[in-house]
Amino acid sequence: MVRIRYFAWLRHKTGIGSEELALPDGVRTARQLGDWLAARSPGFHEAWTSTGVVRMAVNHEHVEDDVELGPDDEVAFFPPVTGG
Amino acid sequence: MVRIRYFAWLRHKTGIGSEELALPDGVRTARQLGDWLAARSPGFHEAWTSTGVVRMAVNHEHVEDDVELGPDDEVAFFPPVTGG
Amino acid sequence: MIRVQAEPFDAGAEIEALTHGRTDVGAVVSFQGIVRAEEGGERLTALTLEHYPGMTERELERIEAEARARWPLQASLIVHRYGRMTPGEPIVLVVTVSAHRQAAFDAAAFLMDWLKTQAPFWKLAETSAGAAWVEAKASDDAAAARWQ
Amino acid sequence: MIRVQAEPFDAGAEIEALTHGRTDVGAVVSFQGIVRAEEGGERLTALTLEHYPGMTERELERIEAEARARWPLQASLIVHRYGRMTPGEPIVLVVTVSAHRQAAFDAAAFLMDWLKTQAPFWKLAETSAGAAWVEAKASDDAAAARWQ
């Protein structure tokens, strides 16, 4: 099972902080998982498209769109960071 | 009377911290005053020539060699600064 | 050393702890980020810092290790808070300790620039206009890029 | 604000005093210079700072005013000690306070670079090789020149 986490406005708009699911058929990369989630419901679609850039981390590390996912990865979706 | 001050190794080598004197004849600039002092005695000559660059201030302000002196100025001679 | 905590910190005590009793240290630079009572032209009443536990510590350690690989530091510290804060409260502290001042200055600026663009923190600002997520600044990306 | 004094200072208390109760401050940078137990490859036992009373205050005020003309600072402080100090003791403190971090960092680095080449202080180092006046460094002139 892939563990998925959402932060900041992605958490607010999806309404959830984290969930687990088996990688859907045809989803191999972080970007493909994001596209799949964004197509999942109107709420998710809005989370992905209404506000701005969505960044990704896999297993606590910033990654590019095309990184391949393993079956037990932790994948996080979030806006550009604004700490400091 | 011009007040003259010496700092760091210029003070050590001349053996004095400050003195007052009337501007000698023919001395119009800070550089000329330094040259006059350096020719005054073997100790002063050594202070000016043995160690390194001599910098000048007039009335508490860094100045170039060719600044003209007034009759009541305070003139200081010192090595490049090393604070901080 | 890195720390992620909800509690405020005492910058003076942190600096003192890093240098106390040492005679090989020549330069100590500290940076403190403080909550300002203004955001996007609105009066800010509170700021809530959300973060990604686990990834936050990993990123801060990675950024600190990068600074120590680039500059000869004798000690370094990053403290970053999360949770709800009000104007005037400290958010982040960076301290760098070196024999020489340029290394300490450059490393502190680098740590802040990278932290701003890499560490997984997000700010929710409460203002008279409501609560809104603070947007990332292009100027922060530009500041981080100069260290590439 | 500038101060020239023989006594040690408490960097944490100085920083706190500059920012206490303010909600318009976003960034505070501090630099502390500390006596190192080494000079020219020799073990240093003490350092004596001579200065030029009157000119020192004037130069520090001029340098601070220059920084405040160049960067939007909300507060600034230079404290410089004179007299005899031993390794581990603080010599100089610079603090800059601004709404934004880059201004605070740049102004603090500028203050130190200019102070190093302009303020009339001279260091006499006591080492196992005897007492000797510390020579000015070309690297300090180069550091100051980048702000011209």
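Of note:
Chains here go by letter, A, B, C and D, matching the order in which they are written, and residues are numbered from 1 within each.
As a working rule, a contact is a pair of C-beta atoms (placed from the backbone, for glycine too) under 8 Å apart; a residue touches a chain by one contact, two chains touch by 3 or more.
Small disclaimer: the values here were computed from a predicted structure and weren't measured.
Taken together, subunit B and subunit C share the touching chains D. Chain centres were defined as the mean of their Cα atoms; on that basis the chain farthest from subunit D turns out to be A.
Computed from the mean C-alpha positions, the centre of subunit A lies at a distance of 26 Å from the centre of subunit C. Between the Cα centres of subunit A and subunit D there is a gap of 49 Å.
Centre-to-centre separation of subunit C and subunit D, using mean CA positions: 23 Å. Counting only residues that touch two or more partner chains, subunit B has none.
Contact of a single residue of subunit C with at least two other chains is seen at positions 33, 112. This structure has the following touching chain pairs: A-C, B-D, C-D. Those residues of subunit B whose C-beta lies close enough to touch subunit D in the complex are 5, 7-9, 11-12, 52, 57, 60-62, 76, 78-84. Considering their complex, residues 10-13, 15-16, 19, 21-38, 87-88, 99, 101-102, 104-105, 108-109, 112, 143 of subunit C touch subunit D.
If you check the complex, the residues on subunit C that touch subunit A are 33, 49-52, 54-55, 58-59, 80, 91-92, 112, 115-124, 133-136, 140.
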